[in-house]
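Two complexes, one shared chain (chain A), two partners (chain B, chain C).
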Partner chain A sequence: MDAIATHKLNSEEIFALLKQFITEVIGEEFVEDMDISKESSFTRDLEMDSIEIVSFSEKVKSHFGEHVDFTGWLSGMDLDQLINLKLGDIIKYIEQCQ
Partner chain B sequence: MSKFMFVVPPFFGHISPTLSVGSSLIAKGHEVIWVGLKELAPEHIPAGGKFIVPHPELAEYQTAIHHILQKQDEGPKLSGVETLKLALEETYLPFCRIMINGVNRVADEFQPDVIVSDCITFAGAICAYQKDIPCVTTTPVPPDVTADSMNSPKIFEWQQNLIKGLHHEMGIYSGEFAIHSREMNIVFTSEEFSGCKDPLPHMRFVGPVKGRPNNTPFDWDRLSRAIGPKVFVSLGTLLVDIRKEFFGKLIAAFADEPLTIIAATDPAIFPEWPDNFIVQGYVPQTQLMPHMDAVICHGGFNTVNDAFLNGLPMLITPIAYDHFHTASLIENAGCGIKLRYKRLRVSDLRDSMWEVLQNEKYRQGAQHIRDTFIQAGGNDKAVELLETFAQRTKARLTA
Partner chain C sequence: MPVIKINHTSVHVQEMNKGAKETILLIHGMFSNLSVYYFNIAPILAKQFHVVMYDLKSHGMSGKEKNGYDLNSLTDDLLALMETLELKAVHLVGYSFGGLVALRMASRFPGRVKKLAVIEAPDPGENERLGIMDMYSKEFLIDYINNFTDTTKFRMGKRQLEKNHRMYEYLFNETSIKSDLSKERGFFSGKEIGYIKQDTLLLYGKDSDCVPSGQTLYDRLTRSKIALLNGDHNLPLQQPEETAIRLKDFFEGWQSKFRQINNKIWQGLRL
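Moving on to the complex of A and B:
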């Protein structure tokens, strides 16, 4: 279990952290072939399915605590927003929540 | 005697159960026709039945139909939410708009007592609603009733708005829901396997109907000499692009293992196959299954049902569309292990295969589902339901 973060992270730190979560969720050997950037879309580029997204959001929650309601944020999105969701959008959302 | 008009999409998995049921209805003296978007190979059409493609009404839509069918090949590349969009917005709704005039004309000419409309060809049910013809829906795949974690209120709203919009386009403003029958929905699986808790009373689970026999030749002699457990592998008839990659992983996982793989795929994708692989483009699947110990498949319903009817445990590698839902049902029912195709590791493939073969609980789970399928009544039950429905609704109309 990761410790709940106490200091504010900047966007580069959040990016590095999210990349680490993605690697843990989908497996190192599959990440090697991917070029993960802030422009990577969750569903299309990273090809994350709902189970992977759930396990990713659990990692976000256990790291940042309850005040980053990632799942709640996702559930307010419509179809096209979900299809176009990029890693950069999640970084911005976490920055706002901190 | 009654007249039944089936309305079907151009997907064989949806057509196939209606052919078995239709063929039995014909044998009992009823008149049966099918209305579809694309011609069906004559050998599939039951003797005495007629498969009608309303060409005059479809002529102006040929490019659109071609485009929609081509789009289905993109399935493996799409995410869950994109698949939703492809299915409802880019396939089912256009099919309805394209088919409705032809379906209406054929209904006027044939004067059916009952329209039996597949769950994704809304045109059949809408035609029935507008002409006050009794209607039954058929559903080949367990309905996805579980709330997927991606299902947000906005996605539900999107779905509702599209369906409402379609009703308005079709001139239905009553607020009634006319794309499916509210009187009877025949589902080709068992209630237990579908995972539906408290289904509505018009949902009738009849289990799978047996496929029509195929007499493709097979090297039975070689099969009798095969060593170790025998595992049948099929990716169904679609998904041609990924075959090489998929079977490449199977070779890496099982070439040196003490088991035999029987695969239904074109052998030409590799110059040679390991000795413990028996590979043939088309196989007599129904006849082969009783000789197998387990099945590897992607979650397409034809193979899954064949496996269950033989009580065989499964290793499922869902690729696209409803495969993920079916794979979850199989795993939840304790009949196998699900490995997502997109992140398929050779070591997981091998370990899970041996777990499925050696842990008796998967076989027991599959045998239990087989029992629920058989108890559901299959083809005979579907025929009985349709005959009784036709009689009851005829009595109502003449009353």
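Moving on to the complex of A and C:
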């Protein structure tokens, strides 16, 4: 269980944290071959499937607590938005919520 | 990640709105996982209800199991989950093969199921569906994915292809799934379906080849109603909001109608 964040993270810190979550979800051996950037999209570039995104969401929720309603935010998106969602979009959303 | 141990097996469970009075329990389909509900359908239902989703054995993030894919074993698993979560009775939703689990649950443990919603459940007596397992190959998977992509917009990369292929290979070659499912062929034609007395909502896609199965259930379930929505067998992915609203209205029942009438009366009084 990750600790709930108590201090405000900047964009780069959030990016590093999200990269760590992605590594935990899909495994280090796959991440090594990937060039993860803020422009990376979840489904196309990172090849994450829906259950991996569930796992990722739970990690975000667990780290940031109720301040970041990540699942609620995703649930407001249609299929096209979800497919095209980039890491940078999530960083912006978390920054706004903090 | 909430993974709990039930009868020595790891079960991946997700819950939303835990404090709500009534619970809706969602069962996913074969070769799928709880994510079919997690992003869109569950959050809508969770505005009013406590929502529970879980991954079936060897699916999603639950542990692998070699045996117990027949409907009795899977409903035993579900009952054990309800006991662990201290849920006495729930509204039950099952999609595709999960719909068969939901139907069997309603017939075996009627006191544990309040209302029942079945989405796109196929008739297990149709030989074609079980035949797919015998025909399975990686080429078949690629072909299937291309078709799936057409109707759901999801694309699968190399890593996902390998991951899915490993799951199918495991299920088809190392578990009892084929023989367990072949035992269920007579489910829709047997007496058992007629014993189900719960109010039942049947949701099917207009373009789905499962519509005749829905019609069979509608004819045999005494307290059922059927709705055909735009889409095919992938209905929860194609129409998540519409699916969730239909489910919510059905489970809210008279409370929802009462609220609508009440609103109209108040609007009338204001005029």
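Brief remarks on what is shown
One rule holds in what follows: the second predicted complex is superposed on the first by the 98 of 98 C-alpha atoms of A that agree within 3 Å, B and C clash if a C-alpha of one lies under 4 Å from a C-alpha of the other, contacts with A are read in each partner's own complex, and residues count from 1 in each chain.
As a convention for this text, contacts are C-beta pairs under 8 Å (C-beta built on N, C-alpha and C of every residue); 3 or more make two chains touch, one makes a residue touch a chain.
Predicted, not measured: the structure shown is a model, and the values here were computed from it.
With chain A as the common reference for superposition, the partners chain B and chain C occupy clashing space. When the two complexes are overlaid on their common chain A, residue A:79 makes contact with chain B and with chain C alike.
When both complexes are overlaid on chain A, the residue A:50 reaches chain B and chain C alike.
Look at A:30: by the touch rule set out above, it reaches both chain B and chain C.
By the document's definition of touching, neither partner reaches A:66: not chain B, not chain C.
After overlaying the two complexes on the shared chain, residue contacts for A:58 are found with chain C alone; chain B is out of touch.
Listed for chain B are the stretches 205-213, 223-231, 241-249 or 385-393, of which 205-213 clashes with chain C, judged after superposition on chain A.
Residues 26, 30, 43-44, 47, 49-51, 53-54, 71, 74-75, 79, 82-83 of chain A are contacted both by chain B in one complex and by chain C in the other. On the chain B side of its complex with chain A, the touching residues are 79-82, 84-85, 148-150, 152-155, 157-158, 324, 340, 342-343, 345. Here chain A touches chain C in the complex through residues 26, 30, 43-44, 47, 49-51, 53-55, 57-59, 71-72, 74-75, 79-80, 82-83, going by the rule given at the top. The part of chain C that touches chain A in the complex is made up of residues 1-2, 14, 16, 33-36, 38-40, 43-44, 55, 60-61, 152-160, 163, 237. Contacts from chain A toward chain B in the complex involve residues 26-27, 29-30, 42-44, 47-51, 53-54, 71, 74-79, 82-83.
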